[in-house]
Structures are given as C-alpha cells and as structure tokens.
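The following pair of complexes shares a single chain, chain A, combined with chain B in the former and chain C in the latter.
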Partner chain A sequence: MAGSSLDVLQNLPRITLANLRPEPGARKNEKRRGRGQHGGNRSGRGHKGERQRGTRPRLGFEGGQTPFYLRIPKYGFNEGHSRRPQYQPLTLKRLQYLIDLGRVDPSQPIDLTQLVNARGVTIQPLKRDYGVQLVDEGSDIFAAKINIEVQRATEGAIAAIERNGGIITNSFYDPISLGILIKPVPFFMRGQPIPKRMLPGEDMVPYYMSAENRGYLADPEEIQQARRALAQKYGYVLPDISKDELCHMLAMRKDVRQIFFGLSPGWVVNMPEKKILKPTDEKLLQYYSS
Partner chain B sequence: MLRFSCLVFSRGAARRFASSFSSETALPPNLRLPSNLVDPDRLKRPPPPEDSSLPLIRKCDAALPAHLSPVRTWVDTLESKDSEPLGLTELHPDVFAVTPRLDILHAVETWQRNYKRISHANTKVRSEVRGGGRKPWKQKGSGRARHGSIRSPLWRGGGVSHGPRGPNSYYYMLPMKVRVQGLKVALSSKMAQQYLHVVDSLNIPTPDSQYLLELIRNRHWGESVLLVDVSQEFPENILQATANLKTVNLIPAIGLNVHSMLKHEAVILTLDTVRFLEEKLLWHDERYTFLYPFKLPYSDFP
Partner chain C sequence: FVLCFHHKMSLGLLTLRALRGAPGLCRRTPAATGGLRAASSAAPRDKRAVITESTEEYKFVERLIPPTRIPDPPKHVGAAPSGWTPPAESPPPLPYMIRRSRMHNIPVYSDLTHGNRRMTLVRKVEGDIWALEKDVREYLRQVTGKELPTQVNEVTMTLKVKGHFEQELKDWLASKGF
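On to the complex of A and B.
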C-alpha cells in the first residue's frame, strides 16, 4: 500500500534534483584490469604460456588430434530447416483463458487476426511461420462453442471443439497473405489492392483436402461423415449445429481465395478517408475471381 | 522551558533534529538560530478535512478500484492575491498516490539528461596525426631508444591511444511504461510533500509579474513555480507576467516531465490538466502491447 510510504515522505526533505540517487546496490563498479593490487600484476591472465600471451588456438582444437566436431559424421538433421513450415502452438487452455477474459469474442468467427489482436499468439511470418496450430492440451476444460479457423489441428483438439458444438476449419495462408492477415492496418496504409490467397503447395494439398483434418478444400459431406466418425471414436454425442441460433455465424467460411471475411481480393481500402475501392475492369475482375 | 515556548518553531522542525537526539523533542540548549527563520511546515496548508463545507468541483472520471480512495485537494484561484480556496477536487490515486519509487525517478531523470547527449570530444590517433611516416633514426647504432614514428603515443605531440573517438551518442530509451510510472511517481511525491496545487484556470487580472510574485509569496508556494495548462495557447496576461520571470515557468501539459517537476519547488495544475493527465497516464495501465508503431491508427488508442 502506498499510503504509509507517502506519509513517511511528508516528514522528509523535499525531493529535488540533488536528492536523487540510484537504489543502493543497483550500480556496481566495473572491473578494471591492470589497476591496483587486485586488478593489476598479471591482470587476470594467468602465468606465462598461451593463456597470458593470448595465442591460444581456436575453439574445438584438440592439439592436433582429430577434434570431436570432425570425428562425428554429418547427418541431415537440420537440412532444409529454413524451408520447413512452422506453426505457433495454441493450446485449448489458452484459448479458453482468452475467451473467459473477454479478449476473444466467441460470438464472431475466430480468425488469426482476432487471435493476434487479442495478443493471444505471436506470429512471425518472416521466421517461416505459416500460421497457428491447435493443440489439445486442456481439452477436458474446454467448453466454448466457437467457429475457429487455424492452419493445423490435432485430432484431440478437433474432437474437443466439435464436442462443444463448434466448427473448426484448417486453411492455408501463403506467407504474404499471412503477413497481411496478422497486421491488417499497416497493409491498408500501403494502399495496395488485397491480393488473392495462394493455394497450398503439392505436399500440403493432401492435408488440406482430407476431411479428417477438416481442410478447407475438402468436401462438406465428407466432413460431416468425418465428424460422425470422430464422435464415435471419442465417445461423445455430436450436437446438431443446424438447429443452433448462431448456426448462421458458425457456418461462415472464407472463400478459398479470400483473406478477410468482409473484403474480396482486388479491393483497395482507403484508411484516412474510410472508403473501399473496387476494380471495374473486366480483366482485373476475371483475374481476381479465378 | 519558557525559552522554547516563544520560539517560532513547531514540532515539524523538531522532528528533523530528533534523529540526533534519541527521543527528545526539545531543541538543544546551545542551538543558535537566526531570528527570521521560517518553518515551512507551519505554512503548508493541511489537506482538506473529511467534513469540509466547500463544494466538490470535480470527481474522478475513471472508475476507481474498490480498495483505493481518491486523494482530495483544495482548488485555488489566481484571480486575487489572497482568496480562499474555491472548492475541493478528487484526484485518482493510481496517478497521484502511487508508491514513491525514487529509483524510478532517478532512472527517468538520468535518461532525460543523457539520451539527448552527443559528446563531440574527438582526439587524433597516431595514424591521424600529421606526419610520422618515416622512421626517425636507424634501429641500431644511434644509442637512443628504438622508435618507428614520431607520432606514436609515447612521444610528445603524438596520437592518443585510447581517447574519445568522434561524436559519440548516449541515446537509449527507457520502456514507455517506466517513463509513465516516473511521471506518476513525480506527481505523487509532489502531492505527498504538499508542493502540488490545483487551480481552476490560469486567468490573471493583470499582466504584472509583481502580482504573480506577491500571490506566490502570500500563499507560500515556494521559490520556483511551474504552471501547467492543457492547451498550447495560454491567456495573454499570464504569458506577459511570466515572460521576464526566471523562477516562474509555463508549460503545456504535453511538456510535463520529471526534470521540470523536480527543478521547480511547486507545481500548479489546472483542472483540465488534471483530467488530461489522468486520462493519458491511466491508459498505460490497461493496454495491450503494441503490434505496429503507434503512429499508425489503432482502434483503441486514445
């Protein structure tokens, strides 16, 4: 409580520029070599030889014996690590925490933009992050009906969300679209038209087309079958979404080429004047709707 | 005992001397004090009592936490030299009654002094000093010490080995929240030591500097006074009155800083300034960390 310390201040002299000093023990004097009884003499370098004379060989040298780092054969553990997509994990526990604190609105579709605006996850698209993955730690505590869109999800997480009557979709964002998605305002300030979202590469297409992973390219009927199969596997009753009041919101899904919910590719957003400009040229419309 | 009763002092000053004498509140008998000594404790107006009859002019805009109670102060006028306070104000405790972190005050004050500093001290190294390319005398045979150039650091007129090198910047930034906390701590310590006064507005009847000085002397505000208003345009009278005064200074509320607050003895805020400061300083307590620079539009930035 600040009360007693402020009362103590009342009896002390005025705080002026001459009275300020740092907390005792905050500033420690630096070690100065070559000065005085303790820093001087050999200045902490030892006695004679390569140590004192500063001519020690490089790190890892073992006096001529084949060093350890050359004895061990190479193996491609980290080969191509800078080309591997990474996904920032998001636990269901953290998602429930954000919903409970009111930072994420469950009555609207939950997008990566909403998660980043709530400061729930930090995505770095320049560090080979391709989005967020849903992890099923906290699936037993999770109890919220949401329409969430992530880039990867474990089976347990999918089961937990569908058990509570929500919808989960896995969609792909290429790095440029991802950069635009997480920081929309700096992109709109640039004045460029919204680009269309690229389709996934060859190795990721099977993942996003399979219904078990609830990919955005999969067939809706297959997804229904997969939902029933998962419910049977995990042993819960699949709630009927079409009879829900929020079913319209829950069924909202983005188009394959769309980045933002209300905006289509090709539009230009004018932030200072709060206007949206749409293209009228036929070729442009054809390109952006392909 | 009679001698002590006719002294000007009250208990306040005796408290300061009490540390040298174990538990006595009386002054030592051989203490000689000048006759015109003034005890500042007796001149400070005590904070308003609970049952004051004056009206409450302003309440805190922001919602107060339940465990904190607002700080109450008098509201004065600058209209006449010796007028009674107009009313009372409530000040937010999270701005005007925070824990007095003197180490934060010191950190912010040193930052303010040093971040603008560019030291232009520069010395020439042995390669930059004019001359000194040729070996002065041959290596062996001359009987003198061996040297390679006349501008080595050993020589008179030679280069400096480890001197200051060129314009050097001491720029660093303290975290935004530390600087904000420094402002809050400065305001709280001024309030706690009763050097902070609230005024309804900075309107004076005359553009006379003497009027201001007499007003300050009558109210025992101190030697130096800092007047803070919200807008960058001040009334003509106060501008003229403070123009030639060295110890009485005017600043807009956006220019409020820890160094100015500590340099001046008294800080005078208007009611609008108090509202502005509370709004701006309390926002930092409950804000998200930034995603992109604050210059770009945010939906909830004030």
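On to the complex of A and C.
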C-alpha cells in the first residue's frame, strides 16, 4: 500500500481549480445568530436596555464602584527589570546530554565559550544576560568528571559535580568581556587587544568571594573546607582529586583578569597569519597585569 | 573589599595611557585585519614600541573556534547516562525505516495548536509508511486502551497521532533499534 495515493494520482486527470473539493464534513458553515424567521424579531440582542441598544460601558467598569483594577495599589514588581542581571539556566541533564553526544569535551576545562560552540546554551549579552547558571535538575543522572566554569550555580549542582570528582568555579564576566567570550572569532577579526576582565560590582563581590558558592575570588583553603562540608551535608564521599591523572587539567583555572585560557590581556590575535602579537612596553605590561 | 576599590582607582588613571598605546600596536601590523582606530594619529613616541610575535600560544585560539560540522557521538555500550541511545549497527528488518535527525536523535515531536490540540509527529519515515501506522496504532492501543486517530502524509512521509505520546513512541522506536 506504500505510495498508493501517489500512484492513483498519476492515473487521474490533471488537478485544476475546477477539480478540487474539500472532504465532506471538513468545512462547516459558521453559525450566524439572530438572522431570519425564528432568530428574528429582536435578532438575538435581548429586550431594551444597554444590551439591545449597544451602549454598554467599557470592560472593567463596575457601575461607578471603584473597579478592581483601580482598587489594588501599584507595586514595583517589575521595576528595574531591565537592570537586573539574568543568567541562562543550564540543567545537569542537558550538560550530560551534550557530553554524551560528544559536543562538549570533558577532557578539557569547560568554559562558556565551549558551551556556546557546542550550541548547548544561547546567551544574549544585550538582554542583560551575565552568563549561565547551573541548575540541579538531573543531578541524579549526572555522571561526568569535568572542570566547569559558570557564573552562578545552585548548591545541588555543585554537590553533583563534586560528587563525581569534578571542579566547579563561579566567575564573573562584565558585559563586554561576556560578548567577547561568547563570540571570540568576530572579536579577533576586529584586531583589538584582548581587554582585561573587570571585577564584579559591589553587590556581587560577596557572592564571588564566598567559598560556599565556589567563587573565583575566594580563598582556596576555605573552598576545600566548603567541599568537605557539602559532602557531609549531601552524604557522599568526597573523591580525592590530587590522585587523579587528569588532576592538572582539573586544577586549571583562569586568572582573575583573564578572559580566555592561555591568552593574556593585551595580546592581539592575528587569525589570517596564525600569530599572536604581544606588547613589550613596560607601561602596557604593567597596565595589563594589574 | 579595599583591594577591589584600589584596583578600580588605578584602572581609571591607566586606561588613558592604554588607549594611546594600543593604536601603535594596530598600526605596526598592517596584516592584522580589523577595524581602523580613529585615534591612530598618535604621537611619534610609538616608534619606540616593539611587539613580539609568537605562534606557540595559537593552539589556545584554535580551541576557541566553533566547529562547523556536527561531531559524531562517541561509542556507548547501551544507553548513555542522559538517556540517549545510539541507533543499532544494522537497521531492523522491518518494511519501514526511521532515520535519526542531524543531532542524532529520534524524530518524534509533540505539537500543540490552538492551545488545546495535542498531536505527536513522527518525521523522516522511509519505506512502507502504512505498516508503521498500523504498528503505531496497535502499540498505542496496548498502552492507552483507546483507538487514536492518525494521519499519514505520503508526500512528506510523516505520521501524526492525536495526543502527546512523544516519550512512549521514542522509547518504542529506540527499543526497535531505529
């Protein structure tokens, strides 16, 4: 029976506008109220009053009583919504899916650039996105040892990654650095030197300096203590990373002012000739290393 | 806290010098593509500035370039932790075949129109689509106990089923080996 309707069509005459007809019962005429013999007289409008005469007041009017939409006072729920930082959520389930399909390489440190190159998340820095946040949906399925760097993470997500022997860091990217991080190739084609990554603003500094959030500005010893405390809270044995063969890769971390791994601020990348140009003037070096 | 503020203060003083210094870099390298800086009419003091070139760190740049082709998934024994199953090595001996999408997933999608019309769509069907329709109807009758209306489109080789059965159909097709 495969392709039967196409075979039948080949033997029938040519389809023209005169040959087409809808399936019986497919098109039903619309219901028109109030026309004709038994719908006539008042034509479905009722008896006198505003209903029949079509002069009813606007929607929400309550006959003079203060209507509901004016009784309730205004409150700034959405005030300043365009000044609030947003973080695109990334579930552990999706991260595991990306690793399973080979789109994200777990043997290299996972960065926002790697996630965007794998088309795992879409970040719009112009819509007040400040990065990606790791959400712990799928933490029970997650089984991959990775070195991941995000901008925000829930406690459950941190626990799930550390339970599998990975490392998670929360670091801050200001909007310009974020735009460069997401699309490095158009930035390199511009020919500008790689800028320094700015430090977080006053309100975000406590978040990135606390060890519970694994902030990049926090003290390493405090982070170790926080890892042990979290393992005790969630009830798993904290695996020892220093004995791992990928220890060197897992311990790789970016400098506070660095945007890309291996590339310092101040360098210019020449893509057509595959070269990197570095400044030698001491004032520039001092500026870029401050 | 104090350290951070100090950082920001020193930045403000040094950015001006950086702006004046950077155009020298751009001008030195006519080969580097990119936008022209308007401030490149800098003082002749840039003749002193020397730049070093290197190619060792270019491998870090190559890591940042996004791939142009979808990578092949690595070999898994059975199901992956996320629930993804690879297709069987040889296609199953059935009169129809359902290809995987370009992201290596099973092409079954749920649709919702007019806010309340639920449909499940099976795309990328090859071969005898009516046999597939019969099997799908039989399987869903066992699962739900209801006779569900289906629609076969022989031109686009797709199958629509009334109701949301995306997960059930995906599991059933994966178990068949598609």
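As a working rule, the second predicted complex is superposed on the first by the 218 of 290 C-alpha atoms of A that agree within 3 Å, B and C clash if a C-alpha of one lies under 4 Å from a C-alpha of the other, contacts with A are read in each partner's own complex, and residues count from 1 in each chain.
In this text, a residue touches a chain if its C-beta (ideal position, glycine included) is under 8 Å from a C-beta of that chain, and two chains touch if they have at least 3 such contacts.
Please read all numbers here as calculations on a predicted model, not as lab measurements.
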item	value
Which superposed partner A:Arg14 touches (first chain B, second chain C, both, neither)	first
Chain B versus chain C as contact partner of A:Ser5, first or second or both or neither	both
Comparing the two partners chain B and chain C, which touches a greater set of residues in chain A	C
Partner chain in contact with A:Glu221 - chain B first, chain C second, else both or neither	neither
Touched partner set for A:Glu23, first chain B, second chain C, both or neither	first
Touching partner for A:Glu245 - first (chain B), second (chain C), both, neither	neither
Which of chain B and chain C A:Thr113 touches, first, second, both or neither	second
Which of chain B and chain C A:Met271 touches, first, second, both or neither	both
First, second, both or neither for A:Met189, with chain B first and chain C second	both
Chain B/chain C common contact set on chain A	2-3, 5-6, 116-117, 185, 189, 271
Chain C-facing residues of chain A, complex	1-6, 93, 96-97, 99-103, 108, 113, 116-117, 138, 141-144, 184-185, 188-193, 199, 205, 260-263, 267-281, 283-284, 286-288, 290
Residue ranges of chain B touching chain A (in the complex, touch as defined)	12, 15-16, 93, 97-100, 102-103, 105-107, 109, 188-189, 192-195, 259, 262-263, 265, 288-289, 291-292, 296-298
For the chain A and chain B complex, residues of the former touching the latter	2-3, 5-7, 9-17, 20-23, 26, 116-117, 119, 182-183, 185-186, 189, 271
Residue ranges of chain C in contact with chain A within the complex	1, 4, 7-8, 10-11, 14, 17-18, 21-22, 25-26, 28-29, 31-35, 48-55, 57-61, 63-67, 70-74, 76, 80-84, 95, 103-104, 127-131, 154-155
